[in-house]
Structures are given as structure tokens and as C-alpha cells.
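A, B, C and D label the chains in the order they appear, each numbered from 1.
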Amino acid sequence: MRWGLLAAALVASPVAAGVVYSAAAATGLAGFDPRGFSTDRLSRVLGEPAVWESLAWTVRTASLATLLASALAVLVAMTFRRGRGVDRLARTLAVLPLPVPHLVAATTAVLLLAQSGLLSRLGFAAGWLAGPADMPPLVYDRGGLGLVLTLTWKELPFLALVATTLLATRGAALEETARGLGAGPWDTFRLVTWPLLWRGLLPSIVAVFAFAAGSYEAAAMLAPSDPLALPLLTLERYTDPDLARRGDAFVLVLVGLMLTGAAVGLHEWVRYRTTELPG
Amino acid sequence: MSLAKASCGRSSTPQPRDLARAPWDSLASGARGTTVTWRMWRGDPSINAYVDRWVSPRVLQRYGINLNAVEGQGPEIVNQLQVEKEAGAGGTADLVWINGETFHQLRQADLLYGPWSGRLPHAAWVDSASPIISRDFEQDPAGYESPWGTVQFALIYDSARTPAPPRSYAELREWILAHPGRFTHDQAFAGITFLKQLMYALGGGVERFQGGFHEELYRTSSNRVWRWLEEVRPSLWRRGGSYPPGVAELHRLFANGEVDFTMSNNQNEVVTKVAQGIFPATARALLLGDGTIANAHFLGIPANAPNPAGAMVVADFLLSPEAQLEKARSTVWGDGTVLAVDRLPGPWARRFAELARDPRALSRDSLARYARPEVAPEYHERLARDWRSRIRRGGS
Amino acid sequence: MSSVLRAGRTAGLLCLGLSALLPMLLLAIWSVGDSWFYPALWPSRLTAESWRALLSGEGRLWAAAVTSMLLAAGTGAMACIVALPVGRALARLDGWRRHLGAALTFLPVAAPPVALATGLQFSFLSLGLGGRPIGVLLAHAVPAVAYVSLYFTGVFAGFDARVEEEARSLGASAGQTFWFITLPLLRRPLAEGFALGFLISWSQMPLTLLIGGGAVRTLPIEVFAFVEAGQDRIAATGALVLLVPALVALAAARLAASRTEVAAV
Amino acid sequence: MSTAALRIERLSAPFGSAPGLEDLSFEVQSGERFVLLGASGAGKTTLLRAIAGLAPAAARRMEVAGYDVAALPPERRDVVYLHQTPLLFPHLTVGRNVGFPLRVRKVPAAQAAKRVEEALSAVHLESFADRMPHTLSGGQRHRVALARAIIARPAVLLLDEPFASLDPSLRQEVREAVLTIQREYGPALVLVTHDLDEAGLLGDQVGVLLRRRLAQVDRPAQLFARPTSLEVARFLGMPNEVVGRIAEQGCFESVLGVLRVSRTIAPGPSVALFRPEAVRICERGFMAAPVVALRHRVHQTTAIVEVGGTRLEVALGGARPPAAHSLVQLSIDPDQLMIFPAP
């Protein structure tokens, strides 16, 4: 029993070390330019509207992608749930991008979604678009749609895998029971399938949100210059030519880790509520 | 800390203090059998090919040095050395490719070894009379870096799409206003250099900016830059609400006709990019009449370099007429030499003069006519930071 | 109604097929495309230059792929070795302790790589691990060990430890039990754990960048450098190489899964 | 002095964090079958696991074949513990499963093969050596597990409810296998069950584990006839319980009247427990009672009668089943009453 928590603490210790060092560096106790404890840097960086805009933009983009991917995952799982044949093929195709690195996804997204990318070229060839400017801006755009789509594409396989597994392992039996108890198809979906899916998916959804919010490569290649995605802002400050400003990055590291901590806490809390408690 | 030193240290390497006194020959023979790790920008296949397939085998054959070129540029180098110093860790690079503000920051933080560049045998042929080569962003290298090559900033346009390109910043402004959405600059080094030239043009010429950083001059002239940018902003690409992260992304926009201009710190880049099929064959370089910044790039040795002796030997080879000539070929790299060509012995002067010129490249005369020196690095740093907070943020 | 449904299913299948295969197709064309400008749908010339460079081992992609492969294999192995006891210990927790343990273990997985790398760079460099493959390996192991530990927690939750007791009771020592019983029974989870760790290292970028300091050149680092330099053809080639082990791992997992399905029937 | 195969003296073992077994002592001779009888949750499994070294325990003595094993790891105790359901190693063939104990003892391959063959034939599974466990039936799995347990010739074999999960016909098959194999290899056998019949059938000795203590250890006949405490008697499932008191003269006074008991029991409030056979319906008994219902059991039919407000289950004693609500005459054999001081 005790060993379990100790082992977990050991695994988490690098993050703890990162938090401790970042906190020290953000308060002038360590880092490039330690000058003794002071909260000046903390309050200055956290007082910048740009930082909050970055955070908000990152959260918004990651949330959108996560929601979109969740909806699609449920759709895929519901539409293609039979054992073999076309359904199996569809499920395999949905899971195929699972191990594709973010870097590859982002590289492809640029080639595909840019205003002069393949989609735009197809539109031009079809006569729908007169030039790159007619293509809606998806890449480097404040709306961040290109990044949202890329992250959605990256997250869908994992969520689809969880959703199809849920339906395959528990769905059929529960649905049959419900039908046997007199529920119609709609009631079965409303009262059995849907609650099963969303409750089962929720922890994965929170986890996927954390991945999306922290992704560096995709943001670096697809995000706009303003607001700057949080990981990009962090790295930009970390390599600022002004040595005195580099410590700012550690405040942002703390913000990023805090966001992660919140997501992870929520993730386990949801799992705890849905698996350990009755009802 | 001592553990880190022990694990990284190569005990056979002479310590820096001894190096300063050791005769060159014994220094070179001492470096035999060692490895030199060279941190540099690795993004261009032409430059990589020169380093990996031309320089490396020769360095190995002649000096018995194993050259290991690794990725890392400007801010990354500073950051890496800074953290290494803070952590008290042994160094991981022997030679770094730097200039301008990177050199400034490294010197400020005392992260460079030196002075050493005067000890290189080939240093005697360096064109020290040229202000572009003898100064680095108005800084005196003071022996802490050795010049390696020269480049000059140029705009790049497609002669098929834009037969009559603007020839000055004033004309460029008119052109941007007349062609909405067709111009932008990147957020990184080239883009900031573009803004710096704009600052010279609006601030009364580069001469006023020489002689160190002046806050007042910077404020008034940079304000003109922001006004200029705000004025053209609605006509910039994406209405000035977003900017490509780096020059590569700008190149991609240019090549596919999303914008009509791109830019480069290296006037010869258009030649290699056309050869690589990245630019259309009709792409050309363009110098604005207000003058474009020419600068030299250098090689430094980190203060914590495990193998400074080897690094010096490599830097010396890179300075040799042979290596400089190969690098200057436009089919190889097209990087300008830092040697005083007319002072070179024997056939070398002739060989440099005979370098085949690519028709797309700019003539040496016009390059020289429009070349402007770099000024104090603070200008670059301030422009970059203020552009981010004033223009990049709060667009659209 | 059913014809509408069928049309919807067909459209869905088509979309999934396109979304899975189009990116790979696009990368494949880009890796051989020369002078491919808007609005051309097809490159004006084809060249196998980047592939030739890759396969001849001359270019940097090959060396980077080898480095990546070794690092990823090392990370996968290390993740398995560490995660095995950790996952086992975690699986024995119950109630809120189990969830606290899982949350702690999940942190390194979910932490933004940039934040993790930035926070860890100082410690790694102080330990003399900066810029060295061993340092990068350890850095990759941080999220990999955590991820594989979570995976093994699930495995051990379903693992019948009484089999081990039976073996001990039949005269096997702890070592023999592990070697003859536990290990063979966990062969598939171990292979999958290795693949997980492998893939985490294989696609890792920010940690490699900051801890490796540019000196450890993995495939993602090179691909990113080529993307940043606008060398799309080489980048696309590297991206395809990055895909290979990922797809092989997925295919192997699927194959194994379908084989156990058959065996279970 | 003969050495017991297993000697346990004053063993205590915790149940997780709750208080556990306390102060247990017993001894099993080689070739002897010791049955541990107890309700579920009494700690039977914990005791077996403690003996096998799989659960923590403290004991003044824990000897196997004369050697103290308390400090030894499970594999060096010369004791084999078999889980309730047969746990065959799923990745090994039947032959390799059975050969496992020899493999870990580094017995030469040729010799091991011969012994595996013997062990398999002892459980009538000669041709199954190359099968995988998941292709076997439930009974076959049990027999493989037995063969595997016995092949190392342990001094003590611990069986945890080996027949509980089996249906009656299979139970017979496996029980036979256990008896055969024990006769052939002769280890001491400790078997846990909650089935009284099974205990009587298999045990040379039966230990009753009640409330974390060994309440009684005896030969089965003795145990069933003379439980030494009310607790044990109740556990043995006496259907009838009558409250009364022992008067000075050794008489038990209750609704059954005044009965003379031969054993000496301290005077005071007492409880009498007895089986249906102790009270019989007969032609001329000493009291009459109305029949409330009939109860049909596997081996006999009994009648429920009401005596002084208490319902008793009584044997028919060869008589024809009486009609409901009829009055019957009852006779009592006082020697079959088990009388204990009231708690």
C-alpha cells in the first residue's frame, strides 16, 4: 500500500523538481540572475494582459479541439459498432493516426490547410477559388482553426478507441438488458448508451485536453503571432535576448504546470466519482 | 559539479591558460585525435553539404580532428551556455557560429573563451580594413570571435509576377498600399533586420545610428517605424494581424504566391533556393536604394568548451583561402569571403576573381554600393522586443 | 430512412479513409516533389534526391533516424523496467489512494513538454547530463515511465497474482517465479509497454531540444529544423520516416488484438 | 519419537489490518488427512496461506517434517498450497505445468519427463501432456493441478476448498483423485471445507475453526457425537435447541420434561441440542405432540412437532409419515442430547 504512493511520487518527482526550480527562478531565488526573494517578477508577468490572452487562447483552442474530437469519436463509435466488415475497417481507419507524432501532423497540416495548400489548390482547380486569398485563413490565424483541426485529428483516434471499446465491452449487454426491460431504441440510447459513453469518455477527454493545451510543435507551425500560444510564449521568453527577462519564462512554466495539474486533478476526480462511488 | 566535470572532461586536452602560451604547432598536434563539436544553424542543405561533405573530411584528413556539426543558433546557443554556466556543468560545444546580438549577449554574460582569433595563422589575411569584417554590430570582436563570412540583406521578388518592383522604402510603402495583402515580414532575424533598415531610412540614415546606442535617437526613430507600420498595416498580409514565425514560412508564402516578397540576410539565398526548387526560377534579389545591411558572421569558442584547441584548428582551416573560396561559390553557398583577396599569395587572388557568377545574383558593385554596416546590437534587441509588444500584439 | 443512413455511413467511411490516408499520401508526394508551386496539383518535377540521400546514409536524416531509434529503444526498455514494479505497486492501491497515485503518475505525461523541459534543464545540466544521449534518454524516460506505469497499473489490476503464489508454493523462488511465470504471462503487455515508451521518445521534440542542447540530433529535431528552414521536401521525407515505426507498432498491436479475439472465440 | 509432518503451535495471523487468527495449535502426521472445518470468514484460507508462507503469521512453532519453517520463503517450506480454483499457468502446456516444480528444482530433463508421465497417469491424464490449459474441462484442470502439486513430493499438501466450485458429479471425480494421489504419494493433507459431510468423509482428524480460534480438534465420529462446546454443536448444525436447566441431581428440566442425563454437568441454566434421531415417533412414547409439517431430506423424512410452544424436528423411526395435525407419541434418548451451560 505505502509503496504504491511512494512509487507514484517517484515517477512524479521530475515534475516536482521542475515546479520547485521554476518557482525558485520565478521569485529570484535561482535562475540566470538570482537576486534574492521577491515577488516582483511574478506580479509583473501575471500583470501582463498578453499572458492572460495567451492562456485564454490556448485553453480555448484546446477545448474546441477536444470537444470536436469527442463528438466525432462518439459519432464514429455509434455509427460503426458492428463486429466485422465495413465497421471494422472504419474503426481501424479512425484509430490509424493514433501514433502519428504531433510534428508530422503539423507538417502535413501546413501543406494541406495553408491558403496555398492542397485544399486551396483543389478549390482552385474546381473553380471555386480564384486564388490563395479566397481560401479561408486556417494557418497563422487568430481564429486558430487550422490548429484546432490538427489537434482534433490528433485526438480523435484515442477518443474513438476508448469510445468503441466502451461500447464493445459493456454497451451491447446493457442495451440488450434495457431493450428487454421495455425501452425503445431512443430511450435505450438516451438512458443507457449515451450516459455510458460520456461517463466513460470523460476522463479521457480531460486527459486529451491537457495534451492539446501543452502541444508545442503544432502550435509552433500553425498558431498566429498574436495571441501567442502559451508554450510558444514560454519558449520565446526563455530564449529572450535580454538575459534579465528570461526568468519570466519560469512564471509561464508555472502557469502551464498549474493548468496541467488542474486538468490531471479533474481527470482523476472524475474517475474517482464515476468508478468508486455508487450510482 | 565535479562529477559533471569529470564525466565531460577530456583530460588530454590542454587547459585554456596553457593554450594562450602554447606555440601553434604544438597546439595543433595536441588537437589530433580529438572531436570538435560545432553548434551552428543546420537548416540549409547547401551549407550542410559544405560542412559535412567538404569541410569535415578535410579536417579529419589533415588535422585528425573529428568534426561534429550540431544544431543550434542564436538564442539557443546563448540559452544553452547560460544554463550550463548556471548549472556548473561542463560544456557541450567547442565552436559556435554567431554574430551581432548573440555575440553581444555571450560577451555580456562572459560566456566566451578568448582572446584567441589573433593566434590563427590565417588571420593574417583577414580583410581587417573592412568595417563590416573588423566590427560585429559595431562591437570590437577583441579576439573573442573569428570572422567566417559576409552576407548582405536583400528582398526577394518574382520578376514574372512583379516586373517593376519598388526600389526604396518610400516606393515600397506606395506598393504595399496599392497591393493590399501582398506584403509582410517574418518575426525572426530577417524580419527585424528589415525593420532596422526601415529605421535607418526613417531616422536620417545609418550614419546617425553609429557610435553606440542612443535611447533618444532610438525612441524618435522607432516611433517613426511604428507609425509607418501602423499606416500600412491594413494593407499587409492578413491585415497585419499575424506574421509568419520565421523566414522559411515567409519563403513558402512567397513561392506559392500568397505574398509577392520575401527577404533574406544573404543576398545569394535566392540562387540556392531556386536551385533547390523552393523558389520559382524567375525569383530575383532586390536591394532597396536606402541601403541594406551587410554584416559578417563569426565563429566563437565557448568559455566552457571541452576542446578549445581543436576548435581553433578548425576555425583556422575555415579561414584558409581554400575553404573560403569553396564557400564563396554560388553553387555551394555563395557566402562572401572575409579575406583580403588582393593580398592573397599566388593564384588565390585570381581564383577568387574568377568565381563564376550566377545571373540571378546581384552584382558585386551594387552590393558594395548599397551595403550598410550593422549598428550597436541594442538597436536590434529593442526593436525586436518593442515590435512584439507594440505591433505584433494588438493587431487586427 | 435506411438509405439515408447507408449514405451517411458511406460518407463517414470515406471521410475516415481520407483523414487517415490523405496526409500520408500528401507527405509521400512532397517528399519527391520539386518546384511544386500554387496552384499546381502535382509537382512540376519529381526527384528522389531526399530519399537517395536518406538511403545512402549520406544525409543527416539517416544518422538522426539511427539516433532516434536507439534512444527510443532505450527509453522503451527503461520505461518497461521501471514501470513494471511501479505499475504493480500502483495497482495494489485502493480507494482514493489509487486515484492519488494515478494522478501523480499522470502528471509527467500531461505536463506540457516545453514546461517540463524548461523546468528540468537546470537539474539535468547540473548532473552533467546536458547535451549527451544519456541525458536525453533520461529526459524522455520521464514521461515514458509515467505513461507505461499507468498502462501497467491497468495490466496488474487484471493480473491474477495468485498464479505467482501458486508457483512460489510449488517451489519456485521469487526470481524463478518472475522469470518463468510473471514475465512470460506479461509478454504482450511488456511488448506494448515497450512500444508505448518507444513512441513517446520517438516523437519527442521539446525535451530533446532543451536537454540535448542541439547536440543530440534525433529525427524530430532534424525534421523540425528542415521545416523551419523551408526545406519541405526533406522535412516530408523525414516525416514519413517518423511515421514508419508508429504504424508498424499500431499494426502489430492490432494484429495481436485480433489474434487474441480469435483465440478467445 | 515420531516426527509429525506438520506441527503448528500457538500460531497467530492477522487478517489484513483486522485482528486475525489466535493461538492455534495442531499436528498432522504423514499420510494423515486433516480437515479444517469452519464458516466462511473464519480464517481457514488465512491459516493455509500462513502455513504456506504466503501470509504473515507468528507462531511459537511451525514445523514441517521436523524442521522449523517459520522463517523460510514459500518455496523452501516443502509445503504446497493449492488455490480453490485450479490455477494452471496459462502459457505452459499440461506437461510443462506438471513439470514446473521439477524445473525450478533443476531436476534433469529425462528424469523429470518420467515423473511427469507418472504423475499424469496417477490422475488419468496420460495423453494430455501437450494440451494447453484452456482446452481442458474443469475436472481435468483440477486433476492437473493435483498432479502438479504432488510431483515435488511435498511433506504437506494444503487444499483450499478444492471441491467447492464443482458440481456434485465432478466433485466425486476430483475427490477420488485426491484420495488416490494421497494414498500413492502419502503427504500429510490439510484440507479446508465448510461442508460437514466432506469433513466426515475425508478427515482422519477434523479441526473446527470458529471465531478465529480452533474450537475443537477430534476424529470425525467423536466430533459429531461429542462436540465440546455449544458453539461447535451449533456449528455442526443441530436442528433442535431446547432451553432448560440442570437441577442438582443431574436432571435436565425443560419442555421435554425432566430427563436424567448420565454425564455430569454443572447445575444451572442450560441448553440442549440434538439431532432428529434423538427424538422418535413411536407407538407408545412418553409424551404426545401435534405434527405441524413434514420435511423431506435426502436420506430421510422428518416431522416437525410442537412441544410446549417449541417446534422440534423429529425422526419418524420407521413409522409411516403421519398426517398433518395428527397427534403422535414421542420417545427420547437422553444420551443423544448434548447439553451445555447456557451462554
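Quick note on the criterion: a contact is a pair of C-beta atoms (placed from the backbone, for glycine too) under 8 Å apart; a residue touches a chain by one contact, two chains touch by 3 or more.
Fair warning: this is a prediction, and the values are worked out from it, not measured in the lab.
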Where subunit B and subunit D overlap in contact partners, by chain label: C
Mutual neighbours - chains that touch subunit A and subunit D alike: C
By number of C-beta contact pairs, the top two chains: A-C
Identity of the most central chain, Cα criterion: C
Subunit A-subunit C separation of Cα centroids, rounded to whole Å: 17
Where subunit A and subunit B are represented by their mean Cα positions, the distance between them in whole Å: 37
Subunit C and subunit D, separation of their C-alpha mean positions in angstrom: 55
Residues of subunit A whose C-beta touches two or more other chains: 110, 116, 131-132, 220-221, 238
In subunit B, residues with contacts to at least two other chains: 76, 86, 249, 252, 256-258
Chain pairs in mutual contact under the definition given at the outset: A-B, A-C, B-C, C-D
Subunit C - residues contacting subunit B, complex: 34-38, 45, 47, 58, 60, 121-123, 125-128, 130-132, 209, 213-215, 217, 221-222, 225-234
In the complex, subunit C residues that touch subunit A: 8-9, 12-13, 16-17, 19-23, 26-27, 30, 38-41, 85-86, 89-93, 95-108, 110-116, 118-120, 122-123, 142, 145-146, 149, 199, 202-203, 205-206, 220, 223-224, 227, 232, 235-236, 239, 242-243, 246-247, 249-250, 254
Parts of subunit C lying in touch with subunit D, wherever the complex brings them together: 160, 162-163, 165-174, 176, 180-181, 184-185, 187
Subunit D to subunit C touching residues, read off their complex: 49, 52-54, 73-75, 79-83, 87, 89-91, 100-101, 103-105, 148-149, 152, 158
Residues of subunit B defined as touching subunit C within the complex: 1, 3-5, 7-8, 37, 39, 42-45, 48, 52-53, 68, 70-72, 76, 80, 83-84, 86-90, 92-93, 246-249, 251-252, 255-258, 273, 276-278, 280-281
